[in-house]
Amino acid sequence: MTVDGTIEFIAALLMLSGAVMALLSAIGIMRFPDVYTRSHAGTKSSTLAVLLTLLGAFIHFASDQGFYSVRLLLGIVFVFLTAPVAGHVIIRAAYRANVKMSDTTIEDELKGVLQQVKQDAEADRTETGEIMSEDKKEELKHQEE
Amino acid sequence: METLVTILAGVLVTVATYLLLSKSLIRVVIGTAMLTHAAHLLIITVPGLKIGSVPILGEGDAGPVDALPQALILTSIVIGFAVTAVSLVLTYRTYQEIGTDKLDQLRGDQDE
Amino acid sequence: MSILILAILIPFISAVILPFAHRYIRRIHVGWFAMLVPLSLFIYFIQLTPIIANGDVIQSTLSWIPSYGINFSAYVDGLSLTLALLISGVGTLVILYSIYYLSPKESLSHFYTYLMLFMGAMLGVVMSDNLLGLYVFWELTSISSFLLIAFWYQRKRSRDGAKKSLLITVTGGISMLVGFLMIGFIAESWSIREIIGSVSMINDHYLFIPAMILILLGAFTKSAQFPFHIWLPDAMEAPTPVSAYLHSATMVKAGIYLVARFTPVFGGEAVWFWVVTSVGLFTLFWGSFNAVKQTDLKALLAYSTISQLGMIMSMFGIGSAALHLGYSTESVVYTGASFAALFHLVNHSTFKGALFMVVGIVDHSVGTRDTRRLGGLISLMPITFTIALIGSMSMAGLPPFNGFLSKEMFFTAVLEINEANFFALETWGIILPVIAWIASVFTFVYSTIFIVKTFLGPYQEERLEHPAHEPKWGMLVSPIILVVLVIAIFFFPNVIGKNLVTPAMNGLFPQLIAQGEELGQRIYAWHGFVPELYMTIGVVLLGIVLFLTKKYWQGVYNLFPEDLALNELYGGLLDQIESKSTTVTNFYMTRYLRDYLVYIFLFFILLIGGTIVFTGAYSFSLPENANITSLEFIIVLSMAVAAISILFAKSRLTAIVLNSILGFGIAMLFVLFSAPDLALTQLVVETVTTVLFLVAYYFLPEWEKEGNRRRASITNWIISIGVGAVFTFVALAAQGNKAFDSISTYFENAYELAGGNNIVNAILGDFRALDTMLEVIVLLIAGLGVYVFIRLKNKKESEESD
Amino acid sequence: MIEIMLTLALTLYGIAIAISVIRTIIGPSLPDRIVALDMIGVMLVSCIAIISVSYGTKAFLEVILILAILAFISTIAFSKYIERGTIIDSRRDD
Amino acid sequence: MIKHRYRINNVILRTVAKLVSLIILTLAVYLFLAGHHSPGGGFVGGLVLASALVLLLIVFDIETVRKGIPVDFKKVAAFGALLSVGTGFGALIFGENFLSQAFDYFNLPFFGKTELTTVMIFEAGVALVVVGVVVTIILSISEDE
Amino acid sequence: MNNLIAMPMMLPVLTAIILIFLRPYIKIQRTISLIVMIANIGISIYLLQLIQSNGILRLDFGGWEPPFGILFVADSFSVILVLTSSIVTAICLLYAFSSVEKSYEHMFFYSFINLLVAGVNGSFLTGDLFNLFVCFEIMLLASYILIAFGGKKGQLRESIKYVIINVISSWIFLVAIGYLYAVIGSLNLAHLSERIAEHGQTPIITVISIVFLTVFALKAGLFLYFWLPGSYSVPSTVVGALFGALLTKVGIYAMFRFFSLLFYHEPAITHTIIGVLAGLTLVGGSIGAVAYKDIRLVASYNVVIAVGFILVGLAVSTQSSLEGAVYYLVHDMIVKALLFLLVGTMIALTKETKLDQMSGLIRNYPLLGWMFFIVTLSLAGIPPLSGFIGKVLIGGGTLENGSYILLALAFISSIFVLYSLLRVFLSSFWGETIISKDEEIPMKKGLLIPCALLTIGSIALGLGAESLSVYIQDAAQVLVDPQLYIDAVLSSD
Amino acid sequence: MPAQFLINVFIALLWTLISDEDELSFTTFVAGYLVGIVIVFLMHRFFGERFYLSRFFSLIKLLLIFNRELILSAKVVLGHIIRPKIKFKPGLFKYETALRGDWETTALALLVMLTPGSVVVEVTQKGDAFYIHAMDVDQSKNALLRSLKRFEKAIMEVTR
């Protein structure tokens, strides 16, 4: 195996391991009990997967075509920058929208603090035309099941 | 692949048609958007799939794929967006003025 | 432009000018100006008589649409001239009469405008050689008649009468137009003369008889033949001068004229003979029979007119038999009927015009036309009575009045035709003289009623609006002139016979004339003791009996409510059409979008599916397929699943999330299929659309369960799958039937041609820049439109007021 | 060898995506769906990278970036919608 | 409208969004310029630009964005359309067919051999319309009372 | 190079954009719009002359030769329609000046009108399949906005249906383009025609032609007209008039173009279907026209009838019937605009919409009444008004072709036309006058003059039919002989 | 600090011009920049400031720390995923941070969130504390707290 060949192999390996990571994350979002834990798998393990894959691609292009793709690097940066924020925002939304935590959850320090906040949010939603009521009904129904 | 994609387009058409036949305007609007997807899949399939490289000169070894359908689809995507925007806004204005988004309640007066 | 054309145009021109004359020259009654028109026309036509009597014709053409041979080609022969003289002559008298009849408070300018329109149109009808030109004028007569009937349009009865006449005559007119088109099509000419010239070539074309029937429909509706006569009594809502002019002397004669004019075309056909003759005869009977029971003098005259028109019609029918026989001695026998018809045409105009004017005078004088309130006017209105007497005696067919002459000739004709042995006349011929005779009896009866009920018997002033008195002299002039003619024609019938009727025969039987047939006849008041005379005597005797015993047999009319039924049929038909139309239209125009979409989709499925089956487009081989990788398969599958799941999504947000998956999927396919630009655009547009949905969701209600009944939902499924299947099927068939390579290899030179490596971009920005430019405009419209939708709101929704 | 690895990688990604699609469909809560959707977006980014490698073209690199950006924007939008019901405020709230 | 009785500390999101939107804007410009030779062009450029604005609108609010970019987006769209259609008419001045585009290569200081084409103007118009319209639509709906 | 050909579309587009910047200046907006329409009239007339002397003209956009680029093709058929639409629009604009609310005029009203016209003219002129789609979209988008301009309940309710149905038809259009491109591999109409002729109109092509037929049937209201009455009766008067005059005509135009230029090899299938649909349309339209008392509905169903009537001309496809159809198209555009303007004016003056709620208007508004009477006659094809010649020629065509049922339906329908409008005239204009002189809403000259112009137009078109005949024969010639079109487009010059 | 950067660029430009090649080339510029770095580093005390690239190095250090944490905790999460039975105990706890300002707070939050197994749910109004949802409070809370401290320190090296 030539040097180039080796590098390309490494690149491919990176990509493949990224794929494995992704698969595992996907399994995670299937298996985990509530949206909070699922988000751990969903928004972040997959980040690593992307990191590996894009890196692999970057290396591949660099060795194969001598092309250092700024765009790929930028992509990596971008995913790193945004993925966690996305996770944060979803979780916050879930929490504020009263999505139940799994029964195994052992502490919730935010509960007391946000009680008032939640009530306010509740009031706001009804005020803005019961936009959420249907969504929430659905959730509640699911959680009952 | 071509057949598969065409069948997918067919499935989208079926689903879209079903949505179009519903009472709720929002469903109908989503249906129209889905129809557009199906048309695009059809058009992209026309010249045959995966038989050329990207239609950028100097990229790839095989000759470029038929670029014309792509140009058409691009135009259509943008038009589709415009139409969706308009119908969405109409839907919401209708709801705002008339108080329903149910089409069976949007029949209007009978003349006699 | 020749004087002839000008003659037709002058009434139209004056129709435009008269309102101005009315407005600016207040001191003189506008009718005087109007009268100048027919008067001068009459003089013009009179001086043409010698030429025409000589056997010559005058013609002149005004091009209208020469490219299609549609012109106003004026053609004057004896037939045309006869009618033209009637139109202008009676026209002059009627206008003179109207000057005194109509109150100056009426909208005179309208009246005379309509009248002028009518006059011009009528002249056009009788002088047109071009079929389509004729049709133009034909419809104009219907329209001007409509306007005149509804002259007092605030009255419901006027409007109804006008509507009825217009609907019936225009319908007939349209039928006639189709007939014209057919005959023009098979003869390849719009010229009646040329068509006559080619009759032998076209008369076995399968459209020949349909064309004949259609043209006859036009003639029958216009001439108020049974069962289309129902409009004429209602048309009596028009001012009396109009009734006198249009609805007895001229317009209703247009149908008669048409039959005469087309006799040389269709005359030899049995269908023509029987249809024209029998419809005419039945109308003759039906009109006279019904006239008897009328209590309104005008209605009586209306039915009388119907009857007389039927008589003329039937005579033309009988006369056409001559063409069946061709040039022979026998044929002259039958042409006599046509001769009589033409003669009666003139006679009828004189006495009927006079009678209508009498009714107008009576109405004007005492304010009613109801025979039950009238009576005993003889002493108070002696001149009027005299006129009425002469008119009705002529109408009844008694000497020494012109009606007698033509009626005798009519009897001769029906007797002659009874002898014929063609057209199955051996069997049915006897019916003709029988009906003719019976009808004449009733004619005698109603003529008697007209005189007796109005002028004899007790005078009941308390039942009248005003006490009876003779009218102004001006009103009497016209009827007097007419009755003078009634008598004059009796004594000098051959002035008319030789100068008008005989030349007019040329128009009916040009083929026979060409072969040297002599169709002119001398008219005699006295034939000796021939069957005709006995028939007349019988008419008088039985007529008197029937008149005297009327109250005993009047119950017969209750057995014949059919006339009413016809009217009811008309009214019922209109009501039914309206209400059924509403029902039918409401049935499918549900104003429910789903139903409309169902129609569209069914159309799509059935028509396209049907075409596939019908053309055999279902046999094709699938296109060559590229391989499918597992990723591709999964993506396609995921998209399908996501799409289907949208249908079951319980919240709209779920739906839009799933829709986003679709968007991602499409973009991914674009990547897989080497379309980076598309993938880019798709992604951004998808996201922006999603945002748009979310923004709009704020204002919209959460979606509810559809709550469709099971059946509706099954229907929806069937339709959806049908649409999907047809779509897919045609797509596969199209891909499998690739016939040509795409033109797009040309674009692969994008760099040399347009200086760009990105072919798609080069297409969008250069090769097909117009699409792009316009698409940008589409976007612009959407943007501005959304802005307008949201900003332009009804401040205070005052529902539906525009 | 490398080709097989890439194909395998794509297949694994495909399976991962399929699983995420299932999560999107079954929910149960809306945030669950958003999490899954976000994940699909990010995984597609990887897929495109691999496809670029296997097709040997640089033409999709922009797509990668754009997809990453848009997945982010979508997620933000959805989350804000769930949180507030409105995704674009008229006025500053702080 | 919503009365904000509870406050969300959006610091993470806002901070990242500022950064991200810079990246997106740069990318938009890049896509626009690169379109002639690689994927991109007026449409995509405009759309990406618009999506950056959408991000800012979501993360911040209309008031803030308007203050930051004080233009009438309807006019932007119209101006873009004017540019695009204008190039069409422009060709008439040179006696060319409507919408004829011209391109040539120039040696410019610093840029070297550069291709300048009227398509650029055309595409700039396209991009402006896209931005203008997308933002107009979203703003119009969002601002509705 | 004939850049002039682009102007009927491009001038309105440019104007529309410029007017956006002139938003506050209503007077200027009006003036410019009107000037542009008048310019278009002039250009169209000039083009007609040019076509007479030089044959069919074309403009290759960007200089790209067909079949690769997009081009506009100006033959007599398309230019006649452009001319008519420009005239109608100019007159409708005049009406708009006195009838449209100020607040609308500030809301880019004239821009949208210009864009609508641009879309219409573009559709007439384009020689490219996909470009036709785009032009349709411009027209449709503008119509989506205009139909609901003002945002009244009824408008929103109907416009949403209108939009959805048109979105679906546009979709079918796109799909059809995809199908055809798959088989033929080109987008240029002439090139498509050439290739189809070369390859033969195979079953699949016939099937595709029916897909196109579905699209155009929807747009034209051929058989699939159920969307039309609702939509056409809600917009403001001017918009309604433009819709009635222009929109369905574009669908009709496309049908004529496609089934004379592309899919003319299997008339036994395609043209028969068109004939059946036309017949059914005549029946449905006729029934609908007498079914309702709302005068806007009466007018709308009359649009439907005309569609059926004109399409009879295509179903028959003889030189004569095609000439008749072109005549009738021109006539119908003018007269339908007039009808809708009159109906709108009646409603504006009485604040009523049903014919039995109006009475005796002729006393209050005599000129209006007489114009309505003339429009009634004209639509019924009564000579010498404009409908006559078209009717005669189409009738003649059906005879040549032996299509007697169509002949019968076409002519019976004109009785229904007459009856439906006569009902309005009798009930609304005649009868007791119920509006006294003091409560009478004064008639604005600005409303009357445009109507009068159109009325004169109908009369002039009827009497002066000959002056158009050379152009119309030329138009039909191209429809009969597609090779003329192909040669003009594909020859390099 | 911007001054240092400008000087560096100036040096790079100078270098490019001195090289006197036929064309202006990017690689020469980069070489010049590298030379400049050395020069500026040697002279940065004259400007009385920190060497501007020291932040850069701190940043790299931060990244390295982060990567270690990332991999470690990814292992944990993945471990949970592949374990046949799920038996972690999630929880939500408060963490008070010493960091201040938008950028610092954000950076820390990003790092916390990138670390699998922990998500910031809310930031307090003052921005002085996070509410963190951890996937397995039982086992990894302490480890998480430790890495948080490390992150804080590393961030401060970059920003202050």
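When the chains are written out, they are named A, B, C, D, E, F and G in that same order, and each has its own residue count from 1.
What we mean here is this: a contact is a pair of C-beta atoms (placed from the backbone, for glycine too) under 8 Å apart; a residue touches a chain by one contact, two chains touch by 3 or more.
Just so it is clear, the structure is predicted and the values come from calculations on it, not from any experiment.
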{"item": "Intersection of contact partners for subunit B and subunit F", "value": "C, E"}
{"item": "Fewest hops from subunit C to subunit E - one hop per pair of touching chains", "value": "1"}
{"item": "Chain of greatest Cα-centre distance to subunit D", "value": "C"}
{"item": "Chain whose mean Cα position lies farthest from subunit G", "value": "C"}
{"item": "Geometric centre: closest chain by C-alpha means", "value": "F"}
{"item": "Pair sharing more residue contacts (C-beta pairs) when B-D is set against A-E", "value": "A-E"}
{"item": "Separation of subunit C from subunit D, taking each centre as the mean of its C-alpha atoms, in whole Å", "value": "70"}
{"item": "Chain centre separation in whole Å, for subunit E relative to subunit D (CA means)", "value": "24"}
{"item": "Geometric centre distance via CA averages, subunit C-subunit B, whole Å", "value": "50"}
{"item": "Subunit E-subunit F separation of Cα centroids, rounded to whole Å", "value": "37"}
{"item": "Sites on subunit C at which at least two other chains make contact", "value": "582, 586, 591, 593, 597, 633, 651, 653-654, 672, 674, 676-677, 680-681, 684-685, 687-688, 691-692, 695-699, 703, 727, 731, 734-735, 742-743, 747, 757-758, 764, 766, 768-772, 775, 777-786, 789-791, 794, 797"}
{"item": "Numbers and ranges of subunit E residues touching at least 2 other chains", "value": "2, 4, 7-8, 12-13, 16, 20, 23, 27, 31, 37-40, 43-44, 48, 51, 54, 58, 74, 78, 81, 85, 88, 99, 101, 130, 133, 137-138, 140-143"}
{"item": "Multi-chain contact sites of subunit A, meaning residues that touch two or more partners", "value": "25, 27, 39, 43, 47, 74, 78, 81-83, 85, 87-89, 91-92, 121, 124, 128-129, 131, 135, 138"}
{"item": "Residues of subunit C defined as touching subunit B within the complex", "value": "582, 586, 590-594, 597-598, 601, 622-628, 632-633, 636, 639-640, 643-644, 646-647, 652, 655-656, 659, 662-663, 666, 669-670, 672-678, 681-682, 685, 688-689, 692-693, 696, 699-701, 703-704, 706, 708, 716-717, 719-721, 723-725, 727-728, 731-732, 734-735, 742-744, 747-748, 750-751, 757-760, 763-764, 768, 771-772, 775, 778-779, 781-783, 785-786, 789-790, 794, 797"}
{"item": "Residues of subunit A touching subunit E in the complex", "value": "74, 78, 81-82, 85, 88-89, 92, 116-117, 120-121, 123-124, 127-128"}
{"item": "Touch list for subunit G against partner subunit E, complex", "value": "102-103, 105-106, 109-110, 120, 122-125, 127"}
{"item": "Subunit B contact footprint on subunit E (complex, rising order)", "value": "37-39, 43, 130, 133, 137, 140-141"}
{"item": "Subunit A - residues contacting subunit G, complex", "value": "21, 24-25, 27-28, 31-34, 36-37, 39-41, 43-45, 47-48, 80-81, 83-85, 87-88, 91-92, 95, 101-102, 104-111, 113-114"}
